[in-house]
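Note that subunit A is present in both complexes that follow, paired respectively with subunit B and with subunit C.
So, the complex of A and B:
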């Protein structure tokens, strides 16, 4: 389809949808004064009912935990789909050597890069763990912390090079960790059913307001999401890096010695 | 002045969506197309956060200010969080598909690709 035809189709679709879009736009609330009662109710009831100070985490991991279960399953499926697509032609076999493109020089990593990335990796990993653990108290939570942990693992690759990185990061371990995260969430949601309560009921001790251990079942679901997100994103990084190496690169030398 | 400020977030959101949509339609490279989709999606972040915004209100995290003080809508912020996570996962999936297309067809131009036909 030529670009002109595509633009014409777009204009046609826009012309058809414009009246509906205008109708919706007119119904938007005045900026700065929301009319939704749900958010205000959550803000008012969250601290006394759940002893947590982060209302976003309360919405995600308690009040609307069922939706987060769906979101986590969607993340799981997307990661699984990407991994299956990438491994499809390559097979299960993995290579501990970095990819080499003929004609492109292999540069040795400088000492400064190794030192800087090792320091940054440690700090980023600590920050990610802090983000996950303090999800119910301060801004952050399992989703944000999980992605920060995954980027710390990527910094480890920059510091150590491909070979040592692959010896540290094992693909089967990541599979297990990600599945464990999803299972933990499902288990925390289904456990109240055994004692005759509704699914996702918050039956664990709630702890104290503004304390690290506050929120009851939110601590478990938050940690489960952090685990699944971190493992899932590291798995994506690993599969995309594995993709860069040539299929028949076994005879090629590993990265240049420093 | 306040009228202009009141309309600005919706305009920014609409502009981001329009720019992303134009990029998708005129795209000549799948990676470019996926980036344009991310631009489109960032319009939804702006829209959702603007819907939940309240003048003179703090974040919906009652650590520094006591519970009961004015705060913005936490549901919208949770939705944006969902939006970002889903966007990242879908981008990864689409990039994986783009890689497969490049491997099988040797091209990532949406125009040069023809529909799949069964082998004869």
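So, the complex of A and C:
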């Protein structure tokens, strides 16, 4: 199809769609006006029913925990798929040298970069842990804390370089942690079934409002999500960064091969 | 609408197309990172700190890294395999 014809088709489609889009846009609520009844209901019911101050956590890990279980499994499957795909084409070699791009100079890391990244990594890791632990009290929670922890691990890569980083981050440990997170979530959801309650019922002591230990089963599911997300994302980083390692055949100098 | 919200909306509206319109992949990567950071700021201003935190890490650290790795992987000469 020629570019001219394509543009004509696009214009035709836009002209056809425009009146409908305008109609829908006019019916939208005013920008910034809170109209959702669900939000108001959750805000009103959350503190007395579940003793938590972060309503997003209450929705994610209690009221709609089954949806979160689905998302959790989705992330698990996505990470597994990426690992299978990448490792399948790359092989399970254990070369720990970074690959070199032909014609690009290799610059040594400066001491300032190493120091800054090490300090930032420690602080970011602490902040991630804080975020996971305070999931039911302040904004954030398992997913946010998990990705923050993963980004701290990424800072470690910037500080140490591929080889030492690869020696620190082991994939079997990540496998165990990620599976543990998913199993913990499923277990917390299925445990009430044993005593004849509905799945995902919140049977644990609820604790006090605005206390670190509030929300009952939310603490468990929140921690499980944090564990699975942190390990899953680090796994993803590991698999992708493995793509930049030197191949076994690269370990000989280029001249020797030719 | 507050001035800050309006300014951020405008910036996001500029940053979005700039990702699409930059043709060099490495430049596109930085445009994508800036877009992610702006989106995170916008979410924060719109009182969605949860979403802002996720977007900040996923949009400015993880996604650009995956693209950077993909570009590196292409640049590494792997034809000898």
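Basically, the second predicted complex is superposed on the first by the 211 of 258 C-alpha atoms of A that agree within 3 Å, B and C clash if a C-alpha of one lies under 4 Å from a C-alpha of the other, contacts with A are read in each partner's own complex, and residues count from 1 in each chain.
Rule of thumb we're sticking to: contacts are C-beta pairs under 8 Å (C-beta built on N, C-alpha and C of every residue); 3 or more make two chains touch, one makes a residue touch a chain.
A quick note: this is a predicted structure, and the numbers were derived from the prediction, not measured.
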Which of subunit B and subunit C A:102 touches, first, second, both or neither
second
Touching A:131 in the superposition: subunit B (first), subunit C (second), both, neither?
second
Which partner chains sit in contact with A:243 here, subunit B, subunit C, both or neither? Use first/second/both/neither.
both
Looking at A:88 after the superposition, I want to know if it touches subunit B, subunit C, both of them or none. Which is it: first, second, both, neither?
first
Now for A:10: first (subunit B), second (subunit C), both, or neither, which partner does it touch?
first
Figure out whether A:151 sits in contact with subunit B (first) or subunit C (second), or with both, or with neither.
second
Tell me the contact category for A:215 with respect to subunit B and subunit C: first, second, both or neither.
neither
Per the overlay, which chain contacts more subunit A residues, subunit B or subunit C?
B
Quick one: classify A:226 as touching subunit B (first), subunit C (second), both or neither.
neither
Intersection of the subunit A residues that touch subunit B with those that touch subunit C:
31-32, 56, 139, 141, 143-144, 147, 233, 236, 240, 243
Name, in rising order, each residue of subunit C that touches subunit A in their complex.
1, 5, 46, 49-50, 53-54, 57-58, 61-62, 65-66, 69-70, 72-73, 75-78, 80-81
Within their complex, subunit B touches subunit A through residues 5-10, 21-22, 25-26, 28, 50-55, 59-63, 67-68, 71-78, 81-82, 84-86, 88-90, 92-93, 95-97, 99-100, 103, 111
Contact residues on subunit A for subunit B in the complex?
1-3, 6-7, 9-10, 25, 28-34, 36, 38-40, 42-44, 46-48, 53-56, 58-60, 64, 67-68, 71, 74-75, 78-79, 81-82, 85-86, 88-89, 137-139, 141, 143-144, 147, 210, 229, 232-233, 236, 239-240, 243
Where on subunit A does subunit C make contact in their complex?
31-32, 56, 99-102, 104, 131, 139-141, 143-144, 147-148, 150-151, 154, 233, 236-237, 240-241, 243-244, 247, 249, 257
